[in-house]
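This report refers to the structure that appears directly beneath it.
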């Protein structure tokens, strides 16, 4: 299909995404979102029908740019590229489905972070009762269908739930959160924030009645955060 | 308005506050009060109508004295000062309102720390049932009004709630804690302690009935802690 | 019985297990599963009727390959080996019983990790309501009998509960989790994961009704994870 | 009264306790038992009517053997000793009362650790439902009276509650845990373990009915742990 060794630009682009994706996995550890080898981050290679993802079952201490794995948009490893002799994350098919069907998405993250999984085990969406959640997700964090690994059903569940939704996070039922983003970093931020709001709203609700935020205020907060916060388009997410 | 390059004393004062405010942000990380780029600390420049605050949407790993931003008491950045080409924290207007209206306040902190936000999402004040809370806050931690970013309403809510109150912390409804202090460090201490008491009282109450502390004991504890604890006036807070 | 000084191969095998077992204790600390000197990991010496275990009551900071203790399958220290002048873990008899009765087990771990002990204090098994749990344990995590230290009763309780069970973890009633594995590392992974699922299912259930996972899906998930996940047989666990 | 400069043995003994007490404070931080400058450890100087304690309101980062403070058994600083120009911990009177009235106690620790304070805010003792608690405390952890700082009432409450009790920890009502030990390290261990059991039993009970442990089993566990665990008398605690 393509020979990366002859395409310098693609090589450089892949190398950049390898470095970014490898480094972003450390954020999952820093924020306590993953245990042992669970969880995975991927990033789309700009301008190519490729993405970079973590190998399956490898310790977070051992992740390097070189052992990240390059896949096409059907989740096949690209022969001849570094790491292609190993198996990519067992969630690769779900990531690939998202990249294939959501061209605006350039990063995907999956974790089993504690509180987000707890909401998922009840199949319950997280209501939007704090302003940080309105900023980040623009409303509730929705629940996706129960789907098990092995075919396209997880990817399809993610896309059908998030298409047209403000939220960049979905809680797949009995499973856990998947997040998407304009970049891999943005998807990691969404993974950090969905656990944060899952925890805060869990604790708030177990102690009494939540005060709702008026929809109009949610809309204003979301609009402002997406357009004004940070230093530039890039920081905004 | 003023040319910092010609005023050596102001320059030195600003440099000191830049260093202090940059360093204090690390305490928010150490105590787990912030996620990603959320949260902010500011400090008033002694003797000047200026304060120093964090830039918007910048990673905690990247904060330095030089990229802190100098603002006047209306939240405008001061042209020609280091960092003035970037946007200050999106909560700058609230900090500015506090400095303008509470001359005794020299530091302001805002976080979305988990348990404090949980009380805020219910619009419920934290009752004073532990001696550490009587020491530090002299009574319950109050709730401020629901107010959204974009004008003076957050700053006004903080000032109206805390003016004349012993507590240096307010839980802005559906939003989170703002704390004030005689110094930036004092405001950071209040941010650490408000999360600590929010967590402890949350856990205490979910397991049964709380034993109240008599008002007279609260008064004595507060008086003693504010006047006897620590090595000097400065350590006391 | 045996003179290790004359058996180079055994010496090398023991040295390997010493290094592995000493290093794996750091994972218990990293994942917050142990306090002070509590908790212990052991590993079977391949091809020998020996295992290596932590000394009793020694700080995690002070564990080295040399102070690990070599025991026979009745829990007696092996005279003349490094560390044999000290007492092995007070749980050595339970480890020995498992190695004696479960030849397929090459690693055993015991902790008092918080949430797993909480389920044990109620004598309640952890229901399988999240896919990560189906992957890892293939169903619920069972409860073993109340048994106290001093004879074979803890070991017997572990073996009787886990023999023929998919789960590699058992919650000994009022006591805490014991985990077994195809290797010491595998048993440590099970100790990490049992605390993770104990915490997640605890939190999920305290907030509402759990959605069950159909048995057929549990079976498929377990089969796939045990046979497809990771890079090789070794990574799979 | 005594001139430390002329008594080499006392000087050496004091220096040893200074180093031990300064270092043990780091364990309070490591196990998350303290916030900001809260919490304190003290150790008796062997053979002398003296103990060493932390200065008041000083950051944990800044504690050194030299700035620990030497006090007599009435809590007075000893003139001419290093650190005697500063104020000792505001809990010094309580420590002094314990040393004066419990000659077998050589270490005292006080923290506001989260879960222990939560039980204290309800004035509720922690029931003994896990074997680790039977090992360490030999039964329930008792509650002491409400008493506020400023006279002997906290010290008296500790001594009256713990005299003749197996537990080395007491939960002072609305305040928090104080622990005692045969050494300062032993008292720190008790502070770590009381928070651990406070957390575990809190979580266990919020999810359902606890299974009691028969008194006879508690007695056997306590006896064994106090006499057999560890490498020597010293490790046992």
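Lettered A, B, C and D in written order, each chain numbered from 1.
Keep this in mind: contacts are C-beta pairs under 8 Å (C-beta built on N, C-alpha and C of every residue); 3 or more make two chains touch, one makes a residue touch a chain.
Chain identities (UniProt): A, B, C, D = L-ribulose-5-phosphate 4-epimerase.
Here the structure is a predicted model, which is why all the values come from computation and not from measurement.
Minimum number of contact steps separating chain B from chain C: 2.
One rotation lays the C-alpha atoms of chain B on chain D, and its angle is 90 degrees to the nearest 5. Mostly differing positions are employed by chain A and chain C in their mutual contact, as under half of the interface residue numbers are shared between these two copies. Here the CA centre of chain A is 32 Å from the CA centre of chain B. Centre-to-centre separation of chain A and chain D, using mean CA positions: 46 Å. Residue positions 206 of chain A each touch two or more of the other chains. Chain pairs that touch, as defined above: A-B, A-C, B-D, C-D. Note for the complex: chain A touches chain B at residues 31, 129-132, 189, 192-193, 196, 199-201, 203-204, 206-211, 213, 217, 220-221, 224, 228-231, 235-236. Within the complex, the chain D residues that touch chain B are 35-38, 55-58, 86-87, 90, 112, 114-115, 117-124, 146, 148-150, 173-176, 202, 205-206.
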